[in-house]
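The structure is given below, and queries will be raised subsequently.
A, B and C are the chain letters, set down in written order, and residue numbers restart from 1 in every chain.
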């Protein structure tokens, strides 16, 4: 397959400018059985997250006597990608599960629930690049939806470089054919970074530009996360006013 | 200085107050400022700023009245599920009020798996083992058991018991409210019992709205 | 992991059953509210999301080229896989499919295969060498009982949603489908037969009987589950229920 030109006249393949996010939406409380849940769309990405816990941790020897354990499972549906993916974890999803867990742990008050476990299940129903950061964004909402106390939400987005231009929120073709991809997750209140990965090639200047773009994207998504949580209760609160 | 008003809907990370204030439940202190840690409604009492969570699991505390469900047995009694990350311990001797000879008596005759028990949390030790004292001799035998989110239980009780009074007085039913989200509804008339169960589920759904007590009262009085 | 249900609730459900009633006021032969959304996943060739009360099942159908089985060199391949996602219930654990997930997949497979819903012969590209493989992936998202009926409904809807891949090899005008099978699961609770059990009812039921039928009333698949039993007469009555309720379900497709 021939590599397309990714930026023409300052516009990307889907018409976006370098600093634009794809259309997105976030909804909280979409599943009945889970303690907390959230659904997110970002471009063609469709991600569903469920949170169970805090609950008793089994097997007992994995319990931590002074804190709750956070477990994350990132998983892609067989039909989520163009070429059917065999069900089950592969090496990529195991690494992603780990970095997502490490992105979420810093905000949670885990010491409030010693010996317990909090499970986060991230299912990618349809993928189009940026699933791990979208997964983190949705997982934060699901954790808050479950009533688990946290210092702040965690918001994720990717920045990168395509055809020499630093861009925000890479789509699949840009991730595949571009020169750099940098997923990042932030605690927006204090701008503390809890996930940072990168592969490709950045000059120091491009690296800073990518960061600036990412923080801008994070601001927009953070508002949407908060709105999703409020929206679950607000329509009815609005009615009574 | 306060940054929110009373009964305002906030999300985690929201700045609530700065200065001469104390953080109550659902709030934490960082860099001398008070932030919300949960999704909930603010509660401001004098100098204390709290956020009452609209969701969340039950964490046992001494003195809580709970309804537990038997999930396991051990030589001297049972382990009860409390709808919590932590299970409760109930001694057989306490349930029947006398010493039990575990070699002569069959504990399963007293309580079986799945039986519900009305109890009080006597103690929670520093290893989070929860010890229960029964409030009744034996298992719960009659009535309907409703499970709601523990965060909504205070609403079922109401300020100074106002909602609970409405539920009981308009229908003639009696309620045993477990702080852990399990509520037992007893009554002679099954229609009245059903009405109370429906009212409780409605309270769970609309706990964050005001005027709820009056609306529930009006609904139930129509049945009289 | 077993579900936790109190004896208080169990006794209540059993008591209602002998009086012909259910906890959510439904009739014994009444299904919960059903919605079917088609074309929900763009990366799949066909997809559907079924909501049956609070139960939610998503199915994605993918078409890929593959080698035929040696004993049927002219026939396309059907593969059905089911995931009881840990998302859907505190009792579902992450890991490879357990016996419940495998049973679910195999039951749905039998319904599709035995009803001959897909004309597999038409999916042959080169005899003995290359055929189209149809992958039906069942994703259970939220578990509130009756996963089998919801999964069959979602699978059939997803297959009817299939838009053939935009490749030169695809010569057929559409996807070769005929027949619309449906599954009706009848549970026996305190001796009483009822359809579409909610989770709480499933946890208390003695056994279940899933009967799948095609438009002409013929039976294409049956599965009995649970450790209880059915009398001959109960099986007959379950078939009647399956016919009646099956018709209603088929209308939704």
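Quick note on the criterion: a contact is a pair of C-beta atoms (placed from the backbone, for glycine too) under 8 Å apart; a residue touches a chain by one contact, two chains touch by 3 or more.
Values in this document were obtained by computation on a predicted structure and should not be read as measured data.
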If you average the CA coordinates per chain, which chain's centre is most distant from that of subunit C? B
Please work out which of B-C and A-B is bridged by more C-beta pairs in contact, and write that pair. A-B
Round to the nearest whole Å and give the separation of the Cα centres of subunit A and subunit B. 34
Per the C-alpha means, the centres of subunit B and subunit C lie apart by a whole-Å value of 38
Out of subunit B, which residues touch more than one other chain, so two or more? none
Would you mind listing the residues of subunit A that make contact with two or more other chains? 55
Expected list for subunit C, residues touching two or more other chains, is none
Please name which positions on subunit B make contact with subunit C in the complex. 69, 71, 81, 112, 114-116, 139-140, 143-145, 184
Which residues, counting only subunit B, touch subunit A once they are in their complex? 9, 11-13, 26, 28, 30, 35, 37-39, 53-57, 59, 85-87, 127-128, 151, 206, 208-211
Interface with subunit A, subunit C side, in the complex: residues 41-44, 47, 54, 56, 58, 60-62, 64, 81, 83, 85-90, 94, 96-97, 135, 137, 139, 141-144
Can you check the complex and tell me which residues of subunit A touch subunit C? 31-34, 37, 44, 46, 48-50, 52, 55, 73, 75, 77-84, 87-88, 119, 121, 123, 125-127
Subunit B partner contacts - residues on subunit C that touch it in the complex: 4-10, 12
